[in-house]
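Sharing a structure with you now.
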Amino acid sequence: MFNNTPAITPELVAEHGLKADEYKRLTDLIGRDPTLTELGIFSAMWNEHCSYKSSKVHLRTLPTKGPHVIQGPGENAGVIDIGDGLACVFKMESHNHPSYIEPYQGAATGVGGILRDVFTMGARPIACLNALSFGAPGHPKTRHLVGGVVAGIGGYGNSFGVPTVGGSVRFHARYDGNILVNAMAVGIAEKDKIFYAAASGVGMPVVYLGSKTGRDGIHGASMASAEFDDDSDEKRPTVQVGDPFAEKLLLEACLEIMHKGCVIAIQDMGAAGLTSSATEMGAKGDLGVTLDLDKVPCREENMSAYEMMLSESQERMLMVLKPDKEQEAEAIFRKWGLDFAVIGETNTSKRFVVRHKGEVMADLPIKELGDSAPEYKRPFVSPAKLPVIDAADVKAQAGIADALEWLIATPDLCSKRWVWEQYDHIIGGNTVQRPGGDAAVVRVEEGPKGLALTTDVTPRYCEADPFEGGKQAVAECWRNLTAVGATPLAITDNLNFGNPERPEIMGQFVGCVRGIGEACKVLNFPVVSGNVSLYNETNGRAILPTPSIGGVGLIEDFKKSATLAFKREGETILLVGETTGWLGQSMYLRELCSREEGAPPPVDLIEERENGDFVRALILDGTATSAHDLSDGGLLVALAEMAMAGGVGARLDEAPDDTPSHAFWFGEDQARYVITVPAGKAKAVLDRAREASVLVSNIGTTGGDTLAISGERAIEIAALRDKSEGWLPAYMAGEI
Amino acid sequence: MKAAVVVFPGINRERDMARTLKLVSGHEPAMVWHAETALPAGTDLVVIPGGFSYGDYLRCGAIAARAPIMDAVRAHAAKGGLTLGVCNGFQILCEAGLLPGVLMRNAQLRFICRDVYLKVERSDTPFTRGYNAGQVIRVPVAHGEGNYIADGETIARLEGEGRVLFRYSSPDGMIDPNWNHNGAINAIAGILSDKSNVLGMMPHPENHVETVIGLTDGRGLFAGMVEHLAKAA
Amino acid sequence: MKARVTVTLKTGILDPQGKAIEGALRSLGVEGVASVRQGKVFDIEIEGTDAAKAEALLKQAADKLLANTVIENYRVEVVG
Amino acid sequence: MKARVTVTLKTGILDPQGKAIEGALRSLGVEGVASVRQGKVFDIEIEGTDAAKAEALLKQAADKLLANTVIENYRVEVVG
């Protein structure tokens, strides 16, 4: 008996975000009109967020294989081999729209969701990171959003008990109505005890675990793909509330039953909750699944089948258990005070059948539900190349010292301590390098192995030239891992863009993905997981293209990792890589000249690799005493960060004659690092560089309590530190 | 040293604590689940570690303080047994009535994770014999509700009886509001029970015990307890 | 003047605190509690004596800060 | 039956949250608030229909768990 009321009208179809041709595809597939529950199921499975219908064709081009890749994209998280029988499991995911509507809960549940993705695979989370993009500081909502998002990330991660060790924060008017909250989680598992989503075996119990189901975020998945307009504040969709306490219990209970060998397959309930978890388990295992919704633990009364299938209540899991272990598993869940209910079973039908109160609410072909989702080759146009700005055409706006003091206190370059001090970044006792450096370093179990972790992207480069920008995001990530002495292993990506139905936005997407793929290939840095967030626009204005890259690197002995702090006086400062003085799209041009113009710095991937390998070798053999990669703000900003971190200044030679000094100190040429070496070893290093054809130049000596460039006013480290540390707290206190 | 680490649902620094106890004393502590009603026989140190027991819901430590195991903890403390509560553990001990006062929201209303400086007020206690009186140590904090408050009479008694064991200070030991990150009365970071056998403190000495990870200033607390127990035996 | 703003969660919004408290009451042997939902009260001292003005002020405070109107409802009352 | 337990800080106990809210209201331009003290409410659903019994139950819940009577006062009311 089918429940086919209400009848499906075109309005209802449109409300579910399905286009007319998509609806036709649906009816062709099932040979009749869907029930309302079925329509809900399709709308969830076929929206952009779950189906990747606009992005799939392009994502397929990314390199996803490598000798250490155990599991690439397609599961809850990517898995790489880190030796000694251990695997690292990681992924990044966005929670952009929910965080704009309710910043605390939106960000908190974003963290909760990504943690679940990692422990669903049998890994214990050991670190979180995030990449945050906010609107202009002067926008009336920005302060509130920053405060709420940061508190929400901390509120969830701190309580759950995972250290949040790194991330990035930026501000730009193009995020005014569409902030980005990208959260990354990293876990460690035994290599041969990874758990997957594919069900196997017929007649196996499908078990619901965790918290009860409420009417949270119904249509959350669709909301995540809907453009915003001005009255979106009014719509106020049901917000999901996170319960990190329940998630911590869920983690412990899941790891315990996995350890006891009870689990055949497991899938967390994320976007489109029960719908996508159940269908995925069946489809991946070539099986049918029947659910009996009368058995689903509910928090609210009279929930309909439609609501249960689409609820995005948090802290829930679906599992297929070994029948003989069912009681043992139940006892463990009861001990942790969590709900446990057998709500269905597997069968050979290859259909997804949902029953509620004696009626069949849905009966759909399980594989086609996902596989037949529309797939688009959307038209795209690549943006015109922007002119290369000659440094000679950029008039210096201030003296070098004044420019540095100005830059170091800008929203994007200032210290983010106010943010990361709200995150417990030391719990676990394994945080070797805390936030504030190029990459965080976390000891793996009792060591000596360490993982290096970072998130990176430079959206203004991506906007100016998507292909170079995509390359640069990966290269900077690779460089940050290298700068702490780690060997970069793999990345997760989180691709945030505007409306893909606009060819120019699709052009940005395609360009960035091509750039990412190119860089990953050359740097042997495969993509093992990721997430796409489209439709980030308000009133037709899109965010800056923001493909966040989360990178993981391995260092065999964490004690050898380098930090950026100058260590002692009298050491030689070496600049690695070529400096042409590239000012196009630089922070100097934007912050001092108010110009967001020109072509971004090109990325020579071969040079990246050679320079990086050279620096890493110097770190690992103990020659380099500090190391820092060059990125936003260029050479002098990097030197200032090294001096502030170490409390040691530097005497610096003046800029070479052939480069305007502001371009030399603030240009953003890629593939560069600053390292220090004991004075006595400098010559040998320069010789080694020549042999390896790596450009290295001696630019000065550490010492004193200022940055003293010959011919310029000396810049006091203490004053710099006040400026760098001052902006964000003052802004958040409403003083700016 | 026979240590027992009490674990409540939502506690999350129990592994850090157990690892440190093992590292310093050479002995693996017993992990005791909140639903138990007795401590392992021969327990000479009970530790309630940090975390978010019951999600910090209602009041930090309130629900945990009423768990079955707490009667056993109370009995252990009443007999003079060493009892240490760190962070959420401190909050639980206060809620359980084993220590006076309460820990309120940090004055800035934000969670704060950073290294702080603590002035060790006395070295003649079972917990601080590894330090000198007046010594300043550097250890991390990670809490949103560490702002110690009690009524005037209680504060006067704590101060009068020398039961304030740790205070937030500047690196050179000055008590200064700029270095009191959570606003605690008299910069109180840790207090003793009237018999000096129960210590509650907000900072995490257990996270600063390995040179390879950072500093080792927290080690003295654990080494001191080991020494005290060895002497007592 | 004394006033009170009471802030409660909207129906349907998950209340993890309330849920934990229910469980704790049960295990403390307090029987007969079917459900608990936790909210906040703000006891506010207001300058002046104009009740209508006070009420407007309280509404403003609640909208701007005391309540998160995405997930919470509030009620203001001037006590006197 | 519906009931409400209201928990407030005792006079004389410092309320850092209340203090911070006062400051925040001022910086939001909400003028005329002399002081703020924050408390909690618990909206409780009770089984049965006996108001006296319900009240006893609420007192028990408040004493045992909902209030920290060292620093807090509470008030119970059966709403109906």
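The letters A, B, C and D name the chains in turn, as written, and every chain counts its residues from 1.
What we mean here is this: a residue touches a chain if its C-beta (ideal position, glycine included) is under 8 Å from a C-beta of that chain, and two chains touch if they have at least 3 such contacts.
From a predicted model like this one, the values you see are computed outputs, not experimental measurements.
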Would you mind telling me which chain pair, A-B or A-C, is linked by more contacting C-beta pairs?
A-B
What is the distance, in whole Å, between the centres of chain A and chain D, each centre taken as the mean of its C-alpha atoms?
41
Taking each chain's mean CA coordinate, chain C and chain D are separated, in whole Å, by 9
Intercentroid distance (Cα basis), chain C paired with chain A, Å:
36
Residue numbers of chain B (touch at least two other chains)
54-55, 57-58, 63, 66
Specify, in ascending order, the residues of chain C that touch 2 or more different other chains.
16, 20-21, 24, 28, 38
Which residues belonging to chain A are in contact with no fewer than two other chains?
243, 245-246, 337
Could you list each pair of chains that touch one another?
A-B, A-C, B-C, B-D, C-D
Sites on chain B touched by chain A in the complex
9-10, 12-13, 15-16, 19-20, 51-52, 54-57, 110-114, 140, 142, 144, 204, 206-207, 210, 212-213
If you look only at chain D, which of its residues touch chain C in the complex?
6, 8, 18, 21, 24-25, 28, 30-48, 53-54, 57, 60-61, 64-66
Where on chain B is chain D touching in the complex?
58-59, 62-63, 66, 95, 101-102, 104-109, 147, 149, 151, 183, 185
If we count contacts the way the header does, which residues on chain A are in touch with chain C in the complex?
101-102, 104-105, 211, 214-216, 236, 238-243, 245-246, 299-300, 313-314, 337
Touching residues on chain D, where the partner in the complex is chain B:
12-17, 19-20, 64-66, 68, 70-71
